[in-house]
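Letters A, B, C and D mark the chains in the order given here, with residues in each chain numbered from 1 onward.
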């Protein structure tokens, strides 16, 4: 593997001490430490079981994310992938991303979610993006049915924890929250284009639901991405209960 | 920021060692240590996800509470807000509270629940008040419907863990528990007046349910507030199950 | 308080070093250490929230149990009550028990479950008895309805984890498990007689369900009491699901 | 007890230092350390309560597994059973297995699941096999009904985490996952033959459901067995929810 040029870090040899240094920190808030900790928490919530789901974080010119197909609740800092973030790498519909990585451990491969995380980074300038396979998200898409283009709910306190477009000001209690739903595809990366389109069509959306699959949520910080993911998951869960009880999700009946 | 006069503590400069001393203690039962610990427990119960909910405690002339809009399961003692408790600061309907605080960390803002906690402190002489966004509380208000003024249940063992007015003697098995329900508002602090009114109208109520939002519970000690919150949440949960199964909540059929 | 005569220990002064010694041990399997640990586990299972429920253990001539009305997940060894076990103290219907205790901490009162635990000790020679307020147990009694004298289920693998009478050989897969249901009373101790009667009427029963309240389970060891409580709670939970789905609990349809 | 010949280890005296050495390791990834750790995790998921369920692992010529009838969340390395793995010990229908063990602690007996684990080892060359009593698995078999020979589901993202036959390549999103269902028997070991037959009849199956009992899942590594068990349990859970909501499990309606 050839050296990789990371903005601000120069050329980094894969598996070199310089590569290792990117994921070694005493700071518990460093992305390489936070991602494993948060993944353990997400596992307890049922968001990332069976290797599914995860979280990505930007730090300056770099992006940190967990590898593909590993137990998310057992990942360690040295398993992290570190990628350069550059606006020039915005995915074009139909194009393959030209990703580079600093492999800190052999035998791991990059998350298939990477281009989807990039959608949030480039279209919303998000600093962190979370993907979950929460059953509440999946059941909601099932109950809303194949034709549903979005999930809409109003008059719930937890709506106030969600931000306009995921990165703007928080919604108000009397606002209607709307999250677009896109169709699932055979390969995760094939969601890239439809997710990008849905984000364009719904500029106020703070998340994208993927039918029979899960959800992507983002925020201007990792804290915001996480708390918005919690608020949205809460709303997905209560919406499922309301639909099963025959209640409308909008209005204040 | 100007110094704040705390009864028994004199003038405290914000961010001074004297301010810090209010939240530094080796005692695990000190409010500044207990609140973060309990919030971590409440998070596991699904009561305070997405920054929602929290707990406040009085200690002598002071009140300790968590800041607004932060991850409740990750707060630390140094994030606590410390406020003077004074009977003169009983909120009057329509008036704005004149709260002061000892900010121990910059960039945090006071909980919007503060005036609601004060309702419990002043009307019931409670020493601790808990606010949760429990889905059981919210689903219960949804199932009872818009017209319901209160939740009533009888013949449940867990009723015996709830106190008359939240601070008196415990209810008996054959008593009917009644918890008033108030309408939610756009801003949390706008609940102050209707919560106060409901507490006056229902002097035996140990809690106030807020429709599509959650619940406020209090007690003569933090232990009592917490165990009553657990008993009530248990009763909300089983009531939701009973309503979905078509069972009456009162009587012993 | 007068000294208490404990068989094998002589006269023990309350709050004396000799009293303290009964609950101080380095052995994690000592009842005074195990009971707090197990209560923390039971809390996570939702069995002992709101101060309800608990576990008692015999060790030679002594019985250890948690005090009444305290947070079960936060009890410590020094909160334990230690009582002499004597066959002569078998409760007679209508009689008040003459219990003694070694108070190791002031201000705590004896568990109201004590005479119910004694039923299991004296009628079944159980060494440990567990009481839970599990919602699965309560919902099951509600779904079975007021007239139901017992819960019966068959053809479930988990039946094989339950013992005849709670202390005999384990049931077989093709056996029908039967747990009697008694009516709840205003005071916990008033259940003593009806529980004793149900245990006599159903000699093979490994537990007693209390309608709108919870369950009592026992075993020849604490391990057996705990694993039977888990198997029974599993069966209560799946029975609730089956009843809600309209399935019969007996037979193999 | 006579010495046991373990391939590569020579004759091992039961309870000898050589026997102890098989289960003592500083390596957290050693089977004798991993099995207790994973069992604690499985307990939290509700997979191994009441002593039920467990996990077995192969390491070279040896097989490690937990003993029978003990609390799975409290087992220790010294409780492990170590057995020689040999292709010659493939169970023949109707024959009794001639198992040997290195008892590292007296009074424990071998898991009744042993011949069922061996099915996965010999028929699929699996390196690890997990057995759970998950309520999702049991409810699914109940909802599918007595006549159902298998569980089939399609169009779920989590299908992609399951492997062909449990050990081959992962399924694709548009594949239909099929898991055979066998009838439960009085004794666990009596499932050996019908499980083996189902594995032959369904060569692509990654697991075997046992009606009113649970599931057996395996993989080419313990990590794969665990993550496939998580994916399958997720699919069992969502299938139960879909069936209760009246939705078809196959197709993309």
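Heads up, the rule we're going with is that a residue touches a chain if its C-beta (ideal position, glycine included) is under 8 Å from a C-beta of that chain, and two chains touch if they have at least 3 such contacts.
In UniProt terms the chains read A, B, C, D = Methylthioribulose-1-phosphate dehydratase.
These numbers were taken from a predicted model, which means no experiment stands behind them.
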Chain hops separating subunit D from subunit A, counting only touching neighbours: 1
Cα superposition of subunit B on its sequence copy subunit C - rotation in ° rounded to nearest 5: 90
Inter-centroid spacing, subunit B versus subunit A (mean Cα positions, whole Å): 33
Distance between the centres, which are taken as Cα means, of subunit C and subunit A, whole angstrom: 46
Multi-partner residues of subunit B (each touching 2 or more other chains): none
Chain-level touch network, classified as line, ring, star, complete or other: ring
Set of all touching chain pairs, with the criterion as stated earlier: A-B, A-D, B-C, C-D
Residue numbers on subunit B that touch subunit C, as the complex places them: 155-158, 161, 172-174, 223, 226-228, 230-231, 233-234, 237-238, 241-242, 245, 247, 252-253
Residues of subunit B that touch subunit A when the two form their complex: 49-52, 70-71, 133, 135, 138-139, 142-143, 145-146, 184-187, 210, 212-214, 244
